[in-house]
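These are the structures, in structure tokens.
There are two complexes below, and they share subunit A, which is joined by subunit B in the first and by subunit C in the second.
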Partner chain A sequence: MEFSSLTFLAALPEFILIFFALVLVLVAAFARHSDGHIKTVRTISLVGYATGFAALFLLPQGATEIFNGMFRIDGLTVYMKGLVLLGGFFACWLVGDGWGEGIDRAEFHLLVLMAILGMLLMISANDLISLYMALELQSLPLYVVAAMRTGSLKSSEAGLKYFLLGALSSGMLLYGASMIYGFSGSTGFSEIAASLTTGDISIGMTVGMVFLLSGLAFKISAAPFHMWTPDVYEGAPTPVTALFAIVPKVASITLILSVTYNALGEMAVQWQQILIALSVISMIVGATGAIMQQNIKRMLAYSSIAHMGYALAGLASGSMQGSTSVIIYMTTYVFMGAGSFAVIMTMRRDGLPVERISDLSGLSSTHPIQAAGMMVIMFSMAGIPPLAGFFAKWYVFLAAVDAGLVPLAIIGLLTSVIGAFYYLRIIRLMYFQEANAPLDKGGERQNRLVLFASLAVILLFFFFIGPVHDHASSISGALASFS
Partner chain B sequence: MISSFFFYLFAAVTCLSGLMVVTSRNPVHSVLFLILAFFNAAGLFILLQAEFLAMLLVVVYVGAVAVLFLFVVMMLDINFVELREGFQKYRTLGIVIGIILLAELFTTFFQLAGDSGALPETTGVHNTAQLGRVLYTEYVYLFQLAGLILLVAMIGAIALTLRSRPGVKRQSISDQNSRRREDTVRLAKVRSGEGAEAKEGSH
Partner chain C sequence: MFYHAIVFLPLLGAIIAGIASLSQQHNIAILASIAGVCLSLLLSCFAFVEIALGGQALTVEVARWIGSGDFQAHWTLRFDTLTAVMLIVVTGVSSCVHIYSVGYMSHDKARGRFMAYLSLFTFAMLMLVTADNLVQLFFGWEGVGVASYLLIGFWYHKESAHTAAMKAFVVNRVGDFGFALGIISIFALMGSVQFSDIFANAATYQSHVITVFGLSMPALELVSILLFIGAMGKSAQLGLHTWLPDAMEGPTPVSALIHAATMVTAGVFLVCRMSPVIEYAPLALDIITIVGALTAIFAATVGMTQFDIKRVIAYSTCSQLGYMFFAAGVSAYPAAMFHLTTHAFFKALLFLGAGSVIHALSDEQDLRNMGGIWRKVPVTYTMMWIGSLALAGFPFFAGFYSKDMILEAAYAAHSGPGILAFWLGCAAALLTAFYSWRLLILAFHGTPRASAEVMSHVHESPNVMTLPLVPLALGAIFSGWLGYEVFVGHDMAAFWGDAIFILPGHDALANAHHVPVWVKVLPIILAASGVILAVIAYIVMPSLPARIALLFAPIYQLFFNKWYFDELYDRIFVAPSVAFGQILWQRGDKGVIDYYGPDGLSGFVKRSSGMLTKLQSGYVYHYAFAMMIGVVVLLSWYFSGFGR
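Right, the complex of A and B next:
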């Protein structure tokens, strides 16, 4: 293999993140532990995400494969990397002061940076081995940050649960990958795709594909592989939950997209069935599970399960329209997640974070801006036009209907009606309920940037849905199934 | 001739020490026999001209895994007599699994006997060099990625377990090195029956 300037240029954002991660290792090890220390660390990682994002614009145009075809960049990966870096920036920005033990440490930011790096590598994975290793690089730091608050039993439980189920899913993924390798004779996505064009699809490939997709379904918490999600969301410290809610699923969905459309494009009939089943179960579990929740983090966990169901509905259609709709869906998902956590992380009583849904009552009188923002986000999540969430769902269902999956679209519509119930309940609490004990004033200044950025995207999505759709559809043209 | 002598030597010692691992009464002896088995298996690998695997076996299994076993056996308070009580209960199951394993080995052996066509040519280049060649060129990306994962694992383990507890007395080496004799030692003439008077802050 040849090392050229292209090798380094094509993976520039990753190299930048590695550089900043290593700088953080040194800062964490040698800097004096004082109050300003953690601010420096946070600034360094914010600069890291911003530089990585800027580097995306320097990448070579068109599809390129480096490192012996294990690492691929094209329009789609660049776009998704942009989303991930933006989400990482938001998640890092939201981690202000006063999160207490575990979070106000340099290692927290370092591990999050490593996880984001893993996500970028996942997005570019073009080989079963690099897929697995990038996935592990993403998962390992996330297991640790979930358990970061070592004094809290819930946090340790969340970390352990996440770790055990994550290890199980990695095992399933590896088993599937080994089957695919065994029956196709190669680990590279393009070689696997080439081996499928000749001859029949063997049963071994199908079994391998099922296991691979099950392992990946764990990572996006699609039902029935969602058991860990509510507990981990609830138990992990809130900044970690925000991270979980904003970023990792973008990378995992992209991975599913590239596995199904790039490597296993010829097996569309087989994986379509799996994705349809995952999608239907996720939509139903997400919509019904959230109704009874008292904890807002738990509720958003179920809401994210439902969102993954909708995204999978777009994927399941197997068409270019489907992949376009998934790209749009994930774009809105990042901003809705960031916005809702910008509000939740503002909510404190006597300096302590609160996370019960009932604590939101009367928010409109104490925090009018946050309440208005939350209302817009909840309307958007429920899919009410003309907000971003509506367009995301619209394109997904349109793709499903055009691919002949009318029942899937109907189930999706029904579950979004059910879902609207608990989104609207939050709005009712905020506006029509008296506050039982007022929340703290102030402290919301820094979260406003994220809230306003998200709101701007959600509210104004209407105006640039045309260009976004065109761009999404042109970058999904880079997928192997359509070229 | 000489290589077949060594093969039978290594193979016999491996089998015997494997047997001793499960049968010896003292768990420390079991671990030591395990180490012996690893060494002999490494010898077998050398006979197959797989010197890299042999080195790896010694470094990883003898150097790390077996020593870890030894630590666990010696440090943890495990009642091995109690552990051994269920031994007879699983005898049938063990025998069945053993027979299946043996049958599988025999079928592979008789199917592949004399068929070395699947093995790649190794003339000239040692397999350590060959592995190095692909590891640092074709698979350099994965190699570096593995390094990052190990770094994350290390940082994560430290971040989760390292706690700075208040009230723990620690050694301060720089303070110790910068102590001078004049600061800490006071010569006093002590008359008998009176005792030395303590000076503030000098002890």
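Right, the complex of A and C next:
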């Protein structure tokens, strides 16, 4: 393995995060549990994300593979890393003072930083081995932070469930990876792709592909591998839920994108069917499951299942238009998630966080800004034009229709109508229902700033849809299927 | 610019007033709307001198409006004598009513909005009369319809007011439908909606035949009849008249401006405007004559028996519009326009006078609760006398010239419908005088029938309400004498120019000056006898009306119940429509569409949501099981061969 200056440069954001992780280890080791230190820790990790983000602009242009082809950067990975770092920045910034619940420990930020590092590596993974390593680097810290609220049964339960089912999915993924290795003779994506060009697709490859995609589907909580999601979203401390909702799915979707489009591009006919099945089930489960929920975090869990269904619908079309639509979808997803959690994390009564949907009633009178912001986000999630969420869905359905998947697009439209119900219900509660017991006034500054930032993107997306689409289209040209 | 300003100043006033009234700036609203309309009146006077008296018709382009294939509609203002006359009438009466409203509505919380609506109406009406093509005319036509709807329902919290507003709108729809069909058939026939094209080519289409539902009829007859149906709706002719009496639910200034002086005459204006087409449709002319004559007599009989002061005047309006139509029907369009003008003055005067009476008696409208107040409201009393004298057609008042001219023209037409119209018109003249004096006597004379408390409040209206009556009264007295020569006399041809077209041979108007003396005298005698009858019935022998009503009970009931038109329409049209709607709503919409559509879907979603929630048991092994099953299903999909 040779290390050249190019090597370091191509993986610069990762190295920066590693550096900040090491700094945090030291700080955490010597940290006394006082507010001042927690603030320092948070600031360090925020600086880490920001520096990492800035480093993205120093990366070499064009596609580069390093570490013996295990690590790949190109326009797509750089863009997705940007989204992940931005999401990580938002998620950590939202963790204000006074959360307690174990979040007030320095380890929290360290673990999140490690998870984000894992996600960056996932995005760049170009080999089944680096894929698995990165995936586990992402998952292990997340298991821990889900159970961070040690005093709470629910939190421990969430962490345990997540860990057990995550281990099961890792098993599936590894089994699938070994099948693929066995039948293609290689673990590198480009070698696998090359092996597929000659001769028929063997049944072993198909089996391996099913297992691999099932393992990855768990990570993006696509149905029927979604069942951990509501429980973990509800049980984990709210800042952790925010993290889950905003960031990891971007990395996992990118991973699916590179596995299907880069490594298994020749098997498009096979994986298309799996993705269609996952997409349809996810859209239906997400839309219908959310309706009966009383807890807003649970509801958003189902909402994210539905969102992944839509993203998979874009992926399933197997065309460049499809990958473009997924990139746009994940972009809007990050901002809608950040914005909605910025509002939820403002909701407190007598200093304690509340998370029942009915607690939102009368929000328009107690928190007019947050209520208006939430309304915009809910409209956007429901796909009402001219907000960002509308365009995201629009491109996905367009890609599906152009790929001849008309029934998929129709199911998507129907489920988004059903989905509109529970998004609009929140708006109704906020604006037309009297507050039962008013929530605390005010809110933290960073919550407002995150909300404003996401609102700006959601509202102004309309004006930048052209350039965004062009960029997404050009970077998805880097995928092996299209080169 | 000068001509544009006439039309657009009231719109500007309406917009400013509308915005000002939003923030309760009533004084600004009132000033803006009055300024707009009065300036428009001033300019209209100049325009009248230049166009009508100077004989310079012209058109002014505003913008291109609709261009679709062959269909070209330019937004152009057409100013000829017909327009100029209407400009004076509309802006003149509108100005008086605007000023009067300041006093009449002074206690209303929404008076700014009221003024805005009045100005909006004025704009729409000006749009209508200055239209250079049928589509633009239709725009103004619908505009006045909307304004009328808004103003009738101005006191929308009153149940009767908003029902009346809806009724006016719906009944007018029937007429408008005919009008729209007329416009469409003209376009289909001639390929243009431009007046200049239509008028120039009308003669060449005389022999064209259109077949409708297997029935062949001359194209121009069909077009004329359809246009007349439109005119019937707006001008409340027999059959489509039912909305007008109900429209009296609006504030009185509205009744004076819209439902007496201007909007309801739009139908007459339309018929006169389209004279170059209608002249070639003898059947349509006969229909117009007969409908007009029947309306004149029908409305007069009903007016005789009503007790609501405004309804009496409303029926009288209906009746007078009938006169105008049968004048047009015998090709005496100038006479129709002449009566339209004089009528505008004295009918607005009567309405505003009635408003003053209502105001004096603390919003009492029932004649049975009035009486004995003439000493307390001398100005109003005088004005009502002048108005009634003009309406009944007493010599040297305005109505005398115009109404006699119409009757003479009808007689001179020497046609069956003409003679019918003459005799019905004479009978209506008798009744007109009778109910006018019945109203005067019941409202002002005799013993006071209002409660003592109301009587103690009776007072003359403030100057802002009485002063606008003065110009109207002057018009009611002098407009006939002044206008006679130019409208229907020797200067007629020069005055009208090309604005009105009369086919050679249709010489009712020319012959009208040479009818036997008895034809000229008869209306005066009839009017005088009407007055005498009213005096006998309501002053000399006050018990007489009741006895007559008892003696001729069936006829009285028929008249009193407005010939059962409302009941008939209710039975024939409204009830079945409502029943049909009920079926569609209950069975069709709720029973089928909602049941299987939204409700069915939402029920399904709710059920499946419940099921999903049950699946979410919380046990890890259930979750793991689901994952395994998922993989197994996906794999077996391939192994069973479906996936390949």
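By definition in this document, the second predicted complex is superposed on the first by the 481 of 483 C-alpha atoms of A that agree within 3 Å, B and C clash if a C-alpha of one lies under 4 Å from a C-alpha of the other, contacts with A are read in each partner's own complex, and residues count from 1 in each chain.
In this text, a residue touches a chain if its C-beta (ideal position, glycine included) is under 8 Å from a C-beta of that chain, and two chains touch if they have at least 3 such contacts.
These numbers were taken from a predicted model, which means no experiment stands behind them.
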{"item": "Which superposed partner A:117 touches (first subunit B, second subunit C, both, neither)", "value": "first"}
{"item": "Contacts of A:372 with subunit B and subunit C, given as first, second, both or neither", "value": "neither"}
{"item": "Touched partner set for A:23, first subunit B, second subunit C, both or neither", "value": "neither"}
{"item": "Touched partner set for A:68, first subunit B, second subunit C, both or neither", "value": "first"}
{"item": "Subunit B versus subunit C as contact partner of A:270, first or second or both or neither", "value": "second"}
{"item": "Which of subunit B and subunit C A:228 touches, first, second, both or neither", "value": "second"}
{"item": "Contacts of A:165 with subunit B and subunit C, given as first, second, both or neither", "value": "second"}
{"item": "Which superposed partner A:136 touches (first subunit B, second subunit C, both, neither)", "value": "first"}
{"item": "Partner chain in contact with A:218 - subunit B first, subunit C second, else both or neither", "value": "second"}
{"item": "Touching residues (chain side subunit B, partner subunit A) in the complex", "value": "137-142, 145-146, 148-149, 151-153, 155-156, 158-160, 163"}
{"item": "Interfacial residue positions of subunit A with respect to subunit B in the complex", "value": "1, 18, 25, 67-68, 70-71, 105, 107-108, 110-111, 114, 117, 121, 129-130, 133-134, 136-137, 140-141, 143-144, 147-148, 150"}
{"item": "Subunit A residues touching subunit C - in the complex, by the definition given at the top", "value": "160-161, 164-165, 168-169, 172, 203, 206-207, 210-211, 214, 218, 224-225, 227-228, 230-231, 270, 273-274, 277, 284-285, 287-292, 418, 421"}
{"item": "Subunit A contact footprint on subunit C (complex, rising order)", "value": "602, 605-606, 608-610, 612-613, 615-616, 618, 620, 622-624, 626-627, 629-631, 634-635, 637-639, 643"}
